[in-house]
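What follows is a set of structures for review.
Note that chain A is present in both complexes that follow, paired respectively with chain B and with chain C.
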Partner chain A sequence: MADLATRPPLLHLARSRLRLRPGQTGVVIAGLVLLVAVVGSLLAPLVWPLDQSAVALDQTRLAPSWTHLAGTDDLGRDVAHRAVYGLRVSLLVGAVAALVATVLGGVVGGIAGMLGGRVDRLLMRMVDTIAAMPHLLLGIFIVAMLRPSLGAVIASVGLTHWLSTARIVRSELLSLRTRPFVDAAISGGAGRFRVLTRHLLPHVLPRLALATTLMIPHAVWHETALSFLGLGLPPHLASLGNMINDGQGSLLTGAWWASLAPGAVIVVVTLAIAVLAARWRDRLDPRVRAELHL
Partner chain B sequence: MTRSGRLAGAGAVVRRRLLVAVPVLAATSIGMFALGAASPVDPAKQYAGAAAFTASEENLAQIRANWGVDDPLPVQYLRWIGNLVQGDLGWSTSRHEPVASVLSARAGWTLLLIGVALALALVGSLLLGSLAAYRRGGLFDRALRTAAYAVQSMPVFWLGLAAIAVFALALGWFPAGGLTDVTATSTSWADVAHHLILPVGVLAVSQAPWFVLFVRDAVAESMRDDHVLAARARGLPGRTVLFGHALRTALLPFLTLVGTHLPELVGGAVLVETVFSLPGLGAVTVAAALGSDFPLLAAITLVTTAVVLAANLTTDLAYAAADPRVRLDG
Partner chain C sequence: MTSPEHLLADEVTVGYGRQVVLDGVTVRVGRDETVGLRGPSGCGKSTLVRVLALLHRPDHGQVSIDGTPVHGVRYAVPVDLRTRVAVLFQSPRAAADPRLSLDDLIAEPLRAVRTPEATVRERVAELADLVGLTADLRGRRPHAVSDGQLQRACLARALVHRPDYLLCDEATAMLDASTQAHVAAVIRDYQRTQRAGVLVITHDQTLLDHWSDRIVDLAGAARART
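The block that comes next holds the complex of A and B.
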């Protein structure tokens, strides 16, 4: 927590950077939530170390209290403590998997957008067809064949979530290609590679960064869904999906916090990411200020 | 264009779609097969189960020979895909029965869950989205949008567990899972319906935000159309303007988008079935995944994809038939 002397300038900075109108407190709250989530999960091993395998069988299913903010689960483990580490894993997996998906989608969309014509039509038909595959089923198939592990989960998310990025990059490139500055560069003697790297990429990158950010919540949902089904991260590891899965038994006996508290963490953090990304998109494209976010 | 001309166009569209879908599905099946072949699980030992620890090398070799798992991979692939195309979906190694009989015994419940939830989500979102669009920026609009964003960030299995905690455990209105009462000796429709209310509701609510936000935007857009303004100027009642004029214009494009949302719905159904212990495809999919049951998983994935593709094609063709201005280029 920042001390009082630095807080107002920080808020002011955030306001001016995001061009906040008064009343857009949702964005500020989302930013703070995300800041706490990221800093918290980065610093957790230093300030609040967790023994992943520790259990306390004399303190099972305790209701939330001041000593156990989110209660304890059926093995007496502190739910809030493990949720911090679960969030850490989820954000890590989400960010890496979103990057993988962005690279895949960027390459496919880039080829389609740069070459245009027949290749573009073919690639986009392919994307449309692949979009008809239920991506959870495909993701389950991938982890089942690779055996559940961190790498399998990342592969599962990356291989199933690149389609939207491919579409975004492709349509960006197609519209950019017809703009006068690209004609000017070509008539100035720039080759295809130079046009791509010096003139087109700088325009596409902000979109790509936004697409990656918007992907993180999806990656987190996918990862937690796999873990919830028992197909994701190793069961002893404190991950949000594993915790929700483990907590099901407790939930049925009335200890709802073991499952619902880790889930609430997912809801709050992904909502915060979505709110910030929506604001970011409005700034990228002020002409079509979307009232519809996400 | 004449009606017969449009229908001839439909034939070309079907051909073009198949021309892309078949190679893509073939490529996907090769990718899936390669992944299955690279999997560290030994199918012979998996088939033998616990007996693999005591089975002799000859017995395992016999199983291998029977299954043809030592043949070259292209041969194995062609055998698998050839059988698949001819309708033989293979043998499920996790359930020890033909994949086709697993699917036929279970798909009905999943289809019922998806169908009713989709219908509920559609009706609800058309109603709520239109009402929100009527007074854009009003209290109801803002509340609905906030709720939609909030629900959108809730994983469907978490929503299901929360529903169980509230409606099954705290209030005791509905059962927490299963399809029939544990004491029931026969299956009665009333009992099944009572058990399905919560799962169907959870699936519908979890899918609704996307629909609601789309309807709200589309109707808000068409509220500005000339014919809607004209209807208002003639002094027609608000309800007629909203549902008879504005929603009607927005309805067709919306219905085609429903098809693209089906894969999402299938994934949601798998998770909801798991939460509520329903005997649909979700439970077998998870069990198959835990047992690395390649034939069953591959068949479920490819069959659902084919069904979604067919549904998309049908909605697109219906759209083109309903609106003569629409031309399909794909």
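The block that comes next holds the complex of A and C.
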């Protein structure tokens, strides 16, 4: 009880309410960052509307100041303001693309894992073949076939990132299928559908949800990369990749801040998601769980 | 003449790859008898149980229940035929879905065949009582109970459909002496009251002698092994 008295009461309260232990501060910070990022990008159009096509040629390349927190770019646009809208796009693309990839990977991996045999071999060779191609290149092909738009970017990221999910789901199902509790269920009269929904999916779903979460930062980077290459959203729309790309030119004239804010936003937000997902993964792993006393 | 009342593995051959595990084995478990199965490790006792439980397809040979030959295995076997043979596995940990409470574990086979919930609850309570699971234990998940308690729940699950044949694959090997005795007593009572056929595999010679009406040596049950 001694340390109870010496601890600052507010910190103690926060820790006990959140069931926090020392060392979990990173998780809390990551959670707050993500909360601010999500709430901020959701509320942005209401509290801080942006005219995407507006330029102010009398205010180009202003250094960061109190009026322009992250400076202005070479068209006089406020970098901080546009970064908020860029984050909106990135989070949307990241989340939707990760979801598309999960559903696709879940279905393919599910079919392969449940049916096994020839179907499994065929599907998995297909996965191997697609995986053999560089996925950024594949993504570029997909965007090039469609018109540059939000949908095209989502399709490009979603269609190139389902492979690992398919492999995870397949291998989980293959190993679960042979477990004695599945034998016991069959012997007890359960049909294929019952075994799948009652005994297999509930074991796979947490891993699948985790894989999706881990994929969001990756999908965000991918969107940024496509935009940076000029294959993402139309150039006048704020996206983190577009902004970093635009900022490149300003960099040579000494306006280093034009790329800094969008770059920093991407690093901080994806790091926050990754930290939370890693924590979640640890909770799922019984061995790590025992070590952490969860 | 009525059809024979036995679970029969007739001239069953099973191999994994090139390794032949069972070679033309014939084993018969009659209603109202307890058959002990003996044999050295790796001689295919567990494989034979999986074949008899309609979970593994033999390369040759046939399994029949009361004279009715069974075609196919696992999901392909009609549910009313499948549920007449129950298995009690060696490791209750592996045989219990870690997500289900003991109550749900016992109830699962009933729910799988769409039994009304009131009947399910009644039957689960009755069986939990039979195998000696207290109300406190029934709500727990497998990780929160001991091997012995979990095996009791697995036994209750195996009996939930009132099977005609019960196959025990070293079901008491991992249990302490008193649990072992209790599980054996429950199985024996069930066998007598239901006129069930029971196949027991165990390395415990004393248990085998006490428990079974006759003992089959798997090495001797093979066709061409001299």
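Definition applied: the second predicted complex is superposed on the first by the 267 of 294 C-alpha atoms of A that agree within 3 Å, B and C clash if a C-alpha of one lies under 4 Å from a C-alpha of the other, contacts with A are read in each partner's own complex, and residues count from 1 in each chain.
Going forward, a residue touches a chain if its C-beta (ideal position, glycine included) is under 8 Å from a C-beta of that chain, and two chains touch if they have at least 3 such contacts.
Note that the coordinates shown come from a computational prediction; the quantities given were computed from them, not determined experimentally.
Visitor: Applying the touch criterion given at the start, work out whether A:231 contacts chain B, chain C, both or neither, answering first, second, both or neither.
Guide: It touches chain B, and chain C stays clear.
Visitor: A:119 in the overlay: touching chain B, chain C, both, or neither? Say first, second, both or neither.
Guide: neither
Visitor: If you stack the two complexes on chain A, which partner ends up touching A:251: first (chain B), second (chain C), both, or neither?
Guide: first
Visitor: Looking at A:39 after the superposition, I want to know if it touches chain B, chain C, both of them or none. Which is it: first, second, both, neither?
Guide: So A:39 meets neither chain B nor chain C here.
Visitor: Where on chain A do the contacts from chain B and from chain C line up?
Guide: Shared contact residues on chain A: none.
Visitor: Help me check something: in the complex, which residues belonging to chain A touch chain C?
Guide: Of all residues in chain A, those touching chain C are 179-181, 183-192, 194, 198-199, 202-203.
Visitor: Can you list the residues on chain B that touch chain A in the complex?
Guide: These residues of chain B touch chain A: 20-21, 24-25, 28, 32, 35-36, 38-41, 149-150, 152-155, 157-158, 161-162, 164-165, 169, 176, 213-214, 216-217, 220, 260, 262-264, 266-267, 270-271, 274-275, 285-286, 288-290, 292-294, 297-298, 300-301, 304-305, 308-309, 312, 330.
Visitor: Which of the residues in chain C come into contact with chain A in the complex?
Guide: My answer: residues 50, 53-55, 74-75, 79, 82-83, 85-87, 89, 91, 94-97, 99, 108-109, 112-113, 154, 157, 160-161.
Visitor: Give the list of chain A residues in touch with chain B in this complex.
Guide: 122, 125-126, 128-138, 140-147, 217, 221, 224-225, 228-231, 244, 247-248, 251-252, 254, 256, 259-260, 263, 266-267, 270-271, 274-275, 291-294
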